[in-house]
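The same subunit A turns up in both complexes below, where it pairs with subunit B and then with subunit C.
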Partner chain A sequence: MKSLEELRKIKERALLRRQMASQGAKARIIVAMGTCGIAAGARDTMSAILKELEQRGIADVTVTQTGCLGLCEYEPIVQVQVGDQEMVTYGPIQPERVPVLIEKHVLGGEPVTEWQIKQ
Partner chain B sequence: MPYRAHVIISGEPEPTEAVRVALVDRLNALGLAQEIEVLEASDVTVAPRGVEMVVYPEGVHYVKLTPDDARLIAEEHLYKGRPVTRLMFQARKVERLPEPSTKEVRVVLRNVGKINPEDIEDYIAEDGYVALGKVLTEMTPEEVIEEIKKSGLRGRGGAGFPTWLKWQFARRAPGDVKYVVCNGDEGDPGAFMNRRVLEGDPHAVIEGMAIAAYAIGAQQGYFYVRAEYPIAIRTLRVAIQQAREYGLLGENIFGTGFSFDLEVRMGAGAFVCGEETALMQSIEGKRGQPRTRPPFPATSGLWGKPTNINNVETYANVPQILLKGGEWFASMGTEKSKGTKTFAIAGKVKRTGLIEVPLGITVREIVYDVGGGILNDKAFKAVQTGGPMGGCIPEQYLDLPVDYESLASVGSIMGSGGFVVMDEDTCMVDIARFFMEFAQEESCGKCVPCRVGTRQMLEILERICAGQGKPGDIERLETLGKYVKMGSLCGLGQGAPNPVLSTIRFFREEYEAHIYDKKCPAKVCRGLIEYRIDPNLCIGCTRCARNCPVNAITGAPKQPHTIDPEICVRCGICAQVCPVKAVSVE
Partner chain C sequence: MTVFRDLSQHILDIAENSVAAGATELYLDIREDPQTDRLGITVRDNGRGIPPEMLAQITDPWVTTRTTRKVGLGIPFLKQTAEMCDGSFEITSKPGRGTCVTVSFRLSHIDRPLLGDLVGTLLCLIVGNPNLDLIYTHVVGERSFTFDAHQIREVLGPEVPLSDPEVLAFIRETLYEGLQALGSEAVTS
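Presenting the complex of A and B:
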């Protein structure tokens, strides 16, 4: 350590790193990408989700994947969590259902119950 | 298209490039190149672990990667969403502290449970080492001591000696070689304040020690931590190593020519080594026994050199004081006891655990507001502060402010922060016996009054608890206690009689009940209680007889049972198993 300036730079870097790790996303979309999901077209669903978010200019939504949920007959499965609300599991979600899902649930906050997988 | 994920790669240039190429190739093949951004960074973490990768937004951290691993991560994690557990870095879980209650103020504990103690940058993000930088580049040692004086900080190890004065003695002591020592030999039963600070925010203590070293003119420091704290020791070693890598320990810190380094020494489990002179003997590799003072450590300490020794919590306060100013620190607390203090609340309260409160808070506020009140809403009886050398504070002092002078005025001490709450079911004679047993076992044996006196006091207490107390025992305890206090060199002997003397002072009638009436009012001492079965309530279910470990209970089925007091060992199992509560304690 040579100067306070150097220390300040490390601090900025550390803060940035911390911010990236806990980015305050408004909502989370999780696509099930197990072998079953991919076989059922989860890649296309994923691409459609990314495209839709881009077109609408939505930046505060994270898109991640998960593996097989054990509900292979419902693939492609998509899970949506808005804020602190409970996560909702949907399936099957083909690319053409994506715009409605994002419009109603991600932006509107209202789950699309008819596509929801119910236990 | 926006990127849905970012991958940051770092490591030595060549292997990193191979991993990056493998990753990008596979991402292209999987058609993910538009979704995932691959970035390179000089370092993603402090301690390099080969080629590393961090995948956001999840923040999954992979270490020691080969090109094959990168391809696997692309397929499994980035394509299928299954993080590859076996390649992940197993970071230590940061143990969080519960949210503070309204009466709590966190200064020493501010970072504990919040930052990753094994990552120096997490500490730097919280303005870590800014105080050290400021001190070294802008302040003279005298100004540092002056700022500490303004803050009113007093030793948190228990005695409450003004920290600035200690530093000034060491500064003014002649000699080229001086030392700073951190006392982390936290030995009070149930106390773990310092452990949590060392495990959760080690750099605050390191920074505090470096500032003290600058103030007194030392270049070498020692951490003395008890071996029973392996995680604290490991965390400290990692922290010291990282501080060296960042040039915050070692030669020419902040380009000022100031050099300072630290070593960790482990204590081997002797309680007396928490006493400063015994501690320094132990660091030197000698048998841990206190010696006479003067000379005080400030003039002749470690290896006969001027030494400043403070407790973990004292040092942890120092960086904050220099960062925010002495006035800020002095704005908390009472006139003579400034700042905050950590306590480990234990015993019969609803919320036990680690707390930090401004000094001057009342006992009632700690017990009822922070601690949530007495367990099962029983009656408060006393609180024992200061560990085994402290005293018991009874109910009439519930509104006593917790500061050095007030605690001393009722025969107790601040100590390092033990706070044991007792309810109506606690026998004060038994408590005094317990602490005397601890002190007796831990007496190093150097001073005869402590070695023999505590033994005698313990034997009298054991006799009283066994129902064989004699008239004159209380007076004998008082006399012995006085001599042990007067004739011992260190705090152990000087404090050992405190639990006995303070319980005699405030609960004399309990001692008298034990000795003259042969009764234990709290029904704890086995020699003075008797279990009886009420024949009107007993339904003759035989459960007590079947569970009695010594077959002291007789009686035919469906007939009232009786306990033979000659055989009974007063274990209380019969009372626990009785379905109709027919067993009572007398």
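Presenting the complex of A and C:
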């Protein structure tokens, strides 16, 4: 059974991780979670993102949600912004595409142009 | 027919409304009662609420606060799903105080969507919305389990985000174990 004591120990290690990640978050990932997004599977996409970050032990990437972006045909939509580079909007990003997206863009800093939504 | 595969997606959808309304607290109550053959879900928030004129028409698909599209299908679909399963849908709101959505289903109804990946859903909700505290109670028969994000934040302090990988794993396991102990459909099916 999970205990708050265990959580306290996790806190100590987490604080160390925060200190090591120099200027806070090095990248932002935003998942569109409007009704259309959820219907297209955005929840599974976000779960895949969280799992990938967790498995790689990445602690300095923030993952947040936003509402409908009005590009419903491209759902599930994921936006990635690394450092002070431009934000890139991707879609559709099914769970299977997540590992490559994290590897290439989030960690490697190189956008995956094939999946980018071109306006 | 239904736009969402399972009920956890409906819950996520309603919770996103709460987030959009500026809620900082989300009370989620799920009750599986095999004795009365009912499944009840309540989502209550402390967001800005819905004005009475809009509330009266909220189950109309053409009524929405979305600016990107002219339809808001989440609430109408949930209402329809509930009513299809000998259930009910109710929404109340007080502008400036918050909104409450209460939905029920006949637990054993053949068309009743399963709860689905509730743990994954709640994790996304918790991580994706750092300004939202989730207070979640799940009851199966006589047993209950509660998760309170306040407690977690109190221990972690302001510097450690809930999205820290170890914290995330802790929350996932806490939810999973809690639901398993209840014998909830969300982890046994």
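The rule is short, and it goes like this: the second predicted complex is superposed on the first by the 96 of 119 C-alpha atoms of A that agree within 3 Å, B and C clash if a C-alpha of one lies under 4 Å from a C-alpha of the other, contacts with A are read in each partner's own complex, and residues count from 1 in each chain.
Simple rule for what comes next: a contact is a pair of C-beta atoms (placed from the backbone, for glycine too) under 8 Å apart; a residue touches a chain by one contact, two chains touch by 3 or more.
Quick caveat, the model's predicted, so the values are computed rather than measured.
Enquirer: Quick one: classify A:Ala32 as touching subunit B (first), subunit C (second), both or neither.
Expert: first
Enquirer: Of the two partner chains, subunit B (first) and subunit C (second), which one does A:Val63 touch, if any: first, second, both, or neither?
Expert: In the superposition, A:Val63 touches subunit B and subunit C alike.
Enquirer: In the superposed arrangement, which partner chain does A:Leu7 touch: subunit B (first), subunit C (second), both, or neither?
Expert: In the superposition, A:Leu7 touches subunit B and subunit C alike.
Enquirer: Using the superposition on chain A described above, determine whether A:Cys72 touches subunit B (first), subunit C (second), both, or neither.
Expert: second
Enquirer: Show me the subunit A residues, by the header's touch rule, that subunit B contacts in one structure and subunit C contacts in the other.
Expert: Looking at subunit A, the two contact sets intersect at 1-2, 4, 7, 10-11, 13-15, 17-18, 31, 33-35, 38, 43, 46, 50, 53-54, 59, 62-65, 67.
Enquirer: List the residues on subunit C that touch subunit A in their complex, please.
Expert: 3-4, 8-9, 12-13, 16, 19-20, 66, 68-69, 72-74, 117, 120-121, 123-124, 127-130, 151-152, 155-157, 159-161, 163-170, 173-174, 177
Enquirer: In their shared complex, at which residues does subunit A touch subunit C?
Expert: Against subunit C, subunit A makes touches at 1-2, 4, 6-8, 10-11, 13-15, 17-18, 31, 33-36, 38-39, 43-44, 46-47, 50, 53-54, 57-59, 62-65, 67-70, 72.
Enquirer: Under the touch definition given earlier, write down the residues of subunit A that touch subunit B in their complex.
Expert: Touching subunit B: residues 1-4, 7, 10-11, 13-15, 17-18, 20-21, 23, 25, 30-35, 38, 43, 46, 50-51, 53-54, 59, 62-67 of subunit A.
Enquirer: In the complex formed with subunit A, which residues of subunit B make contact?
Expert: 1-2, 4-6, 31, 35, 44, 56-59, 79-82, 121-122, 124-125, 127, 129-130, 133-134, 137, 246-248, 253-255
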